[in-house]
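After this come two complexes, each holding subunit A, first together with subunit B and then together with subunit C.
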Partner chain A sequence: MTPIGVDEWVARSGDRRDQSGWRGRLGYLDARVGWWQRLFLVGLAAFVYGQFVVGGNVNYAQTGFNVLLYAILALGLNIVVGWAGLLDLGYIAFFGAGAYGYALFSSHAFGNLPLASGGVMLPAIASIPIAVAGVAILGVLIGLVALRLSGDYFAIVTLFVGQAFAEAANNVAPGTLGGANGLFGLQGFHVGSAAIGSTLGYYWVAVIVLVVLMGLLHLLDSSRTGRAWRAVRDDSLAASAMTIPVNKVKVMAFAFGAVVAALAGTIFAAQQSSVFSTNFSAQTLILIYACLVLGGAGSIGGAVLGGVVVTVAQQLLSSPIDSAYLFYGILVIVLVTRVRPWRYLAAVLAAIVAFGVAAHAIVGAISHRAIAGSPGSAGWFSTALRHYVIVPRGEPLTYGNILYIAAIVMVIVVVQLKGIRRLIAVVPTVYVGICCWEARLTLDPGITAQIMIGAILIVTMAARPEGLLGTRRVEVV
Partner chain B sequence: MQIFIQTLVTGIVTGCLYALIALGYSMVYGVLKLLNFAHGDLYMVGAFIGYFAIQWFGGSTSLIIPVPLLLIFMMIVAGLGVGLLGVAIERFAYRPLRNAPRIAPLITALGVSFILEDSVLLLFGGFTKNYNAPAFLPFSQSIHIDGVNIDSVQLIIVGVSLVMMFGLRELVNRTVFGKSMRAVASDREAAEMLGINVDRTIAMTFFIGSAMAGVAGVMSGLAFGQISNIIGFLAGLKAFTAAVVGGIGSLPGAMIGGLVIGLCESFSSSYISSQYSDLIVFAILIVTMLIRPQGIFGRPPLQKV
Partner chain C sequence: MAPLLELEQVSLSFGGLRALHALDLHVGEREVVSVIGPNGAGKSTVFNVITGIYSPGGDIRFDGQSIVGHRPHAITRLGIARTFQSLRLFLNMTVKENVKTATYGRTRASPAESMLRLPRARREEVEVEAIAEDVLSFFGQRLLGYRFNQPAYVLSYANRRRLEIARAMATGARMLLLDEPAAGMNPNETHEITELIARLRDERGYTILVIEHDMHVVEGISDRVVALDHGEKLTEGSFHEVANHPEVVEAYLGRNPEELQQ
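Moving on, here comes the complex of A and B:
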């Protein structure tokens, strides 16, 4: 917290200090590479992934597509939340509206209307602009109305707009919008006369959209409008004193965000070839927020990085061997970066190993059945941890549940302790965490992924509210 | 006329539940200016605690203790348990962010809501659980007046809600704690300078608000029977609507708002369409916000420069 009366330059003095070692070198390199070169690198990475890594594997293509989709969505949210500082909790409605808009003009949805028997099957080149333009008008209208309110009240109204959209898509005109069954059998995109049928094809579409969008947004960011957004975000009263039309600028940001979301929605609908109202739930909204917040609100690169991290983490958590790499990798990284100096780190690591072996031996001596179960991880982890973690045979769920609660309580205790006590408490906590992971969390990967997302949000907000790539905003009082 | 009165009764009963949850929302907003999205999930946790209390005492068909004792036990345990959970959430998730930008605690609240929902899913599974309250609170005990049924659960809900709301009003208006809570709500820094223990006041506020949500969870389980890990979201959203309609930060507003939302919901589902009842509730909120953003009892926020 900046003390009252300290100005921004003084408050940021720490950031300007020269750093030595690999951090300093990295920072030097970071300062040398220009923005457009970085965009080129992003495009190159996406090209290499699509061309050489995917190699016909549908899962890889789908993961790549999801990453790009969430990156595009986070970019759109970044305009509203990161740049204009409007807490838009109804963003998901525009994503959904774009998807439904595309679906209506590319399926049999209008089949029961007298003028268009057999449905409206516009080519994508026509239906995407119609859907996006429709959502843009919707965005301006909702923005004009909602932006009469400020701060929390704006967040509340947009939250309800989002909920109302999901309810409406589910209940209004089930003959046309499909109700809970959704719309399916959508027509895909075409290039010339060839249809894009594969997931990889949509991956390439998304790559092009993402790279072009990043370029445009970068130009927008440094334009007069972009500067006006940031001025309004930091102090709307001062901005209006500087003759910035505050309301117009806010509505513009809101509508721009809506347009990006709608564009993402059309691609999503075409790739899925179906839309369901459950695709546009509050859960998805929170995921998009997780991407933006983790990467750093206000930064284009941050939004994209957040999309990559969140989507890839979710994907990894769904496979037992990958999730084990992720879990133990994060564990080791956290220990290595947080425990200093090195001899303490070595002592803690050795203690964790010794503690586990001892606990395993003691429990095994008391009851053989208590250690007879096998760890939940797959591959060599399972073999390596067989004589380390305590997994009983028989009732793994109850045991795992108790461990889960114990692990949460222990983590909370560790956070509260200081100094040498914390180091000592870390040892059993890590061990209980590992046991809990092996006995319970790997069994329900879907739920585990959701819990991890929640934990990521909380930890990021507490440790680094500006996200991975964001710049810290000093609030001058 | 029968249908009208029956709908009125249902509306008042659901309205009381919404009001109890809304009070917690409003209190927390009053002292912290934080939209606590995890509040609805606390209500869900309360419902689960009540369910396990029934199982603990032999299940709904073969209770080993008298029914009134069970009801009191359920409400006290759920109130205490959820209250302590609320205090723990405040302590570990929100307190470190008290001076952070406004968006940070909001995002944290979303994260807490995620963790609560999915932890319950992990621990107890995704199956819908049933209180099966009619087994020990039979409908034969209900009151019939001229074709209108008021069953015992509904009487319990209205009675307990009235007692709790009255108690809260007295607590806020008459006690030292209530005074310090109002002081913290109106200006935290000034309250701190005058020697009020702000941390303790906020923790107490969370405790009371969460405990009321927990009791509301138990009573909704008795009334509606089915509970699962996702009931918190929609109930929280509606209670939140109630708090906003009444004027967020205002306690009488939350009570009136709860009744308004409950009545709107029951009348729209019996006279218009049950499919559209949620949509109608949300539409009411959006219209209220646009006409009178501060709600029925709220005061418009002053802009400090």
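Moving on, here comes the complex of A and C:
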């Protein structure tokens, strides 16, 4: 009798995968390169950047350090959110607690106390374990209480904890914690007797921490604990029926995340040589979440890649010329990847150029003042776009705000339309978007950076809901 | 000889609804007992009270030890593993990982040992690997080889049912509770499941409690059949005794209208 239900066709689906084209070749490489080789490549990339790219440029070193910091934070969040499936919105509190813990023990902050006048000033080798262990205990305690709730309720309680941390750091014991002035004059790290003074030095510390952490977490992921976390995330009732103590495992994940965040906090505090409660705001939490979601929750490589993308994007957006490259780059990439076939793409691009030139000419004929302003982008963009975008002279704020709302409405319309109508609607939408960028968004880089990171997140999620390196999760109905 | 599993006067109510009432049930070592009954009779509730999802009144003893009030993972560690009527696999984990996950209670390595791959963690991983391959090989060609590293969601429905049994076996339990193992299977697969349950007892020495609606399966596997309705035991005995018992017939088919008129 031929066995029935041997789903050969499904089982061999991997062999049928197309190996031609760049996607096929990428998939082939993906299957060949092992995990440890990839980790080596990550370390190598970090080494090349620190050794050859930075070259004494403090900004580059700082960007590199920030990338690594967010990558480490995203790795810790990945344990809680990606593996154990707990929506922990209080994660930032553990980052802050680690930083403040380090600051207390490695500064003059305790100097006001009679028993230790002159400050505690422990070396980093002692204060890091104290801070991390303290946060681990804090994590277990909060986890024990918060994990009595599930799902949304857990998220709300942890959100409260995260918000409470900043308030507490600001208002409790201002003599010791420094209140809104924060703590400063922290002792840095030492290697032997030599102090790590430069940003590049902390970059190297963070590289080592990141690579070691990635290795350890990979081993943990493929162990009984990692499997238990993922089982609890997939189906906690089934997990408990399969010998897994669900509550204990969840608290463990929560505490592990807290420890990684605290470790990142100590490095952050030492590098800054100061801590302020504003460093640990909800905004930072959202950025860490952006790293994890963008990179792919549940994947170690994804968390790190997300840290790189988000931090680098933020950095680029703070410079006028780089932000223009990023904006127009994303615009072109989205058009090239979404508009098919090629002749349609060519038509759309030509139409966008023609539309702008025509609009500029018509508006210019009606009123010269309406086109007399200069584009906000720096460098050659400004020259190139002078006779393309409509920017009125003088105060373009109101005009820009109206354009911004118009652009959002038009994007919503484009998304609703189908087929050729969508292609036609794309043309004015892109033009209005460009005008809005030049007239308004370039004026407030800080706010624009957040809008752009949100936009990048939306575009990526629409194209790859599982994140850049995440694995697609399937719900069977 | 004392039975392996013993339920004594077990009762459970949800608010005013009496789900189980003064239920006595026992399963001997290496016995295969089927629980039958119409929908809503309380069959799955029996499984849920045995595995600790609900805490009932009365007493449940496994191997002489009372297990009422223990949490589900503790009860499974004592030796009772179950499958679910509505499959509850870890669908996004691979076939092998699903099985390995169930060995959590049999292993001891701490996270630190796992992260540093210390001797105990390494030894246990080797053991877990062996357990996984052993229980999967029990299902012949169905779950072997190239399917090990595929996510569980690609498996066919019947194979998912097999994988759930494999996962329950990997917990190291002595007793399996199978909740409708033949539900949604075609006649060939149903026949295979009947043979499989017999092999589970004969080759692996499991004690088995089964809920099943397919009477061919029940007839083929059962040493004893227990009929439930409205949370109470109607009768028990051999398949033919139970199947012809007037109360069982009534519970499934209703009363003969001609008799009612008399």
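Operating definition for what follows: the second predicted complex is superposed on the first by the 448 of 477 C-alpha atoms of A that agree within 3 Å, B and C clash if a C-alpha of one lies under 4 Å from a C-alpha of the other, contacts with A are read in each partner's own complex, and residues count from 1 in each chain.
Throughout what follows, a contact is a pair of C-beta atoms (placed from the backbone, for glycine too) under 8 Å apart; a residue touches a chain by one contact, two chains touch by 3 or more.
Keep in mind it's a predicted model, so treat the numbers as computed, not measured.
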Touching partner for A:Arg464 - first (subunit B), second (subunit C), both, neither: neither
Partner chain(s) touched by A:Ala239 [first = subunit B, second = subunit C, both, neither]: second
Partner chain(s) touched by A:Leu216 [first = subunit B, second = subunit C, both, neither]: second
Partner chain(s) touched by A:Arg422 [first = subunit B, second = subunit C, both, neither]: neither
Partner chain in contact with A:Ala455 - subunit B first, subunit C second, else both or neither: first
Partner chain in contact with A:Arg38 - subunit B first, subunit C second, else both or neither: neither
Partner chain(s) touched by A:Arg440 [first = subunit B, second = subunit C, both, neither]: first
Subunit B versus subunit C as contact partner of A:Ala231, first or second or both or neither: second
Common interface residues of subunit A - those touching subunit B in one complex and subunit C in the other: 1, 237, 473, 475
Complex contacts: residues of subunit A adjacent to subunit C: 1, 3-7, 10-13, 216-217, 219-220, 223-228, 230-231, 234-235, 237-246, 252, 256, 471, 473-476
Residues of subunit A defined as touching subunit B within the complex: 1, 81, 87, 145, 148-149, 151-153, 155-157, 159-161, 163-164, 167-168, 171-172, 237, 282, 286, 289, 293, 297, 401, 404-405, 408, 412, 415, 440-441, 444, 447-448, 450-451, 453-458, 461-462, 465, 473, 475
Residues of subunit C that touch subunit A when the two form their complex: 51, 53, 71-74, 76-77, 81-82, 84, 88-93, 97, 100-107, 109, 111, 114-117, 121, 124-125, 128, 141-142, 146-147, 150-151, 153-156, 158-159, 167-168, 171, 186, 188-189
Subunit B to subunit A touching residues, read off their complex: 33, 35, 88, 92-93, 96-97, 99-108, 110-115, 117-119, 121-123, 233, 237, 240-241, 244, 248, 275-276, 278-279, 282-283, 285-286, 289-290, 293, 301, 303, 305
